[in-house]
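Common to both upcoming complexes is chain A, partnered first by chain B, then by chain C.
Right after this comes the complex of A and B.
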């Protein structure tokens, strides 16, 4: 079972397809869950504490705004852990403030720099594209090592 | 600063979305309760949230997927169900993250069709030769900009 980073990191479709075809999806929920279940200082709503931008220094320079570094503290370890990635380009649900936008750019840059296999797609807009979308993901995931291999 | 003591430590929560012509979230919840074995189940308008020990949740999810394999979709959730930081009962309006789910919910029918077709065709399913390259959005043409300015001024 390979660990597959998904982008958008909150995507229901990618998370489901990766798990359905036998691999572990790495999405935002895993990073958030880790913080929500760790005791410390009360910092609602996401338990992002002042420590996170410091941890984010590993993934972004000190001149980068703390909002981006804080977000990278969640996504950076997941990208490091990932053995492959499935990316949907131009997803209209992957938008947000400038901090989110710059973090998204940094996530995609980090993924491409990491050298792991990446499948890039677009969301389907009709049934034929739906078939191609599912088939492409299935084929890509089948090429990754399964449980017990590697 | 106040101390924070987490609930549901060591558990996982997963969303189960059902987009099926033959099964409602209510029916799914009833069938899931029968197989739950101690996993906390919360019925929602789009499906379920299940919370429990990772192994028990995985077992239940495997069981739930068999009810309607191409119409049931699952993803992880960071928060436990009903968490006051996320629950719309406390916040008002849509739950943060709901609108993203709603957007993807509209294209689930294409994914369902894709899953059915890929299963039917087996290895013959059409796969695009190369991943579509990222397109650069065209820059705003200077004439178009002038038109926009003129329209705005008139």
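Right after this comes the complex of A and C.
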């Protein structure tokens, strides 16, 4: 079983696909779930304190906007942990989206720099593309080591 | 209990910067509530296309869609707070365009701010207070004439000013450096009353403003305790005799600067701040001290000099002081150095703040620094307009407070 970073990190569909094919998805739900400080498990999760942008300094310099550093405090450790990544570019907002384009650039750069296998796909716009999209993800995930193989 | 003022928040990054709670706290402190305009996800891209600003960040697209929903009247709000991360160019473009677009297409007051993770509710308080005042007290702010006998006290970071007004005239003024806040206020009040030939019991209503407004307001049992953005706007257009129509008020203070775009005496958009004391009156105080002249002599001295002869950039007060010392050591004249210092402060305000509001004539300069003619001249040169400095401009906050507090005599 490989740890697979998903992008957009908020995509439940991607998260589900990765889990269905026997791997561990690394995305926003995971990053945020580990930090929950709210009344309920489904409360708005962003109980981030001013400490997060400081923790984010590990991934982005102080001159980088605080919102980018705060996000990197969540996604940076997940990228470090990731053994593979599935990246969907130009996704529809409803598919899962990231609020800050500058963080997106840094996340994608960090993933590419890490040297892990990455599947980059364009968001499908019709049914045929949708079928190819899922097939490509399935093939990629199948190529990753399963439990006990790593 | 009056209804809470509803402030629509349009923002990118406050949660991940850890400052959302600070925004909530600042609003709560002034009896307002912050909410996020509710819009359909499907409307976001449509709104962005209509607005015509092609941004990549989804949160900025959401800001645009929410701003348009407010303007279209799909969402009810009393005011708008726009906040984005400091140092983000993409967000700065959206913030600026929305700050311009919303007042142009609606009557909603707007305040904007770029935050870092260090932003606290205290920093946001004055802005939120001004926003809620404009929304809540439009009737009070519409007052154009002072009636009865009232007093205004402005407890500023450098000086404390008091003014007594009677039947639409200033009859007494008082001025002291701010040392102990209450003591300085008491002293300024005593001076103003003495000049007016009146006693405390003659005063029918009191208004306070400035950094110490809450403390002295409580001490003096003030009827009106009000932040300086709205009060100064009122005071400026009142003293300049320009209560109707658009105007721009610039107040370069001892600690921070305010640039306010005013319409019919009510602030529309405003900015408050200053990166460093290098863009404030404090730098001119230091310059005067280094040149061995009183601050009141700095203006005339600067008028005799040529600022262009000395290279000075007071973006930071430490480096600004360094260039000042270097220029003097290199043999520059005191006049040229004084002119350069005035130009540098005016330039910082111009670059950091005046870019963020729509400058409409007349441009009215107020506050103690408006008496430094070299600074007024430099600002006029930069803006290519003749700056109006009304009489009593150094007492602007106190005059605005006295004017507005007269609304309380008959319990308006």
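We adopt the following convention: the second predicted complex is superposed on the first by the 134 of 150 C-alpha atoms of A that agree within 3 Å, B and C clash if a C-alpha of one lies under 4 Å from a C-alpha of the other, contacts with A are read in each partner's own complex, and residues count from 1 in each chain.
One rule holds for everything that comes next: a contact is a pair of C-beta atoms (placed from the backbone, for glycine too) under 8 Å apart; a residue touches a chain by one contact, two chains touch by 3 or more.
Only a predicted model underlies this, so the values are computations on that prediction, with no experimental measurement involved.
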item: Which superposed partner A:93 touches (first chain B, second chain C, both, neither); value: both
item: Partner with the higher number of touched chain A residues, chain C or chain B; value: B
item: First, second, both or neither for A:130, with chain B first and chain C second; value: first
item: Touched partner set for A:13, first chain B, second chain C, both or neither; value: first
item: Partner chain in contact with A:25 - chain B first, chain C second, else both or neither; value: first
item: Touching partner for A:139 - first (chain B), second (chain C), both, neither; value: first
item: First (chain B), second (chain C), both or neither touched by A:121; value: first
item: On chain A, positions contacted by chain B and by chain C; value: 46, 93
item: Interface residues, chain A side, partner chain B - complex; value: 8, 10-13, 15-17, 19-20, 25, 27-33, 35-47, 89-90, 92-93, 119-127, 129-136, 138-139
item: Partner chain C, residues of chain A touching it in the complex; value: 46, 48-54, 63-71, 93-94, 97-102, 104
item: Interfacial residue positions of chain C with respect to chain A in the complex; value: 12-20, 41, 44-45, 55-62, 84-88, 90-91, 115-118
item: Residues of chain B that touch chain A when the two form their complex; value: 1-6, 8-13, 15, 17, 65, 73-80, 83, 85-86, 96-97, 99-101, 103-105, 107-115, 117-118, 125-128, 131-132, 134-135
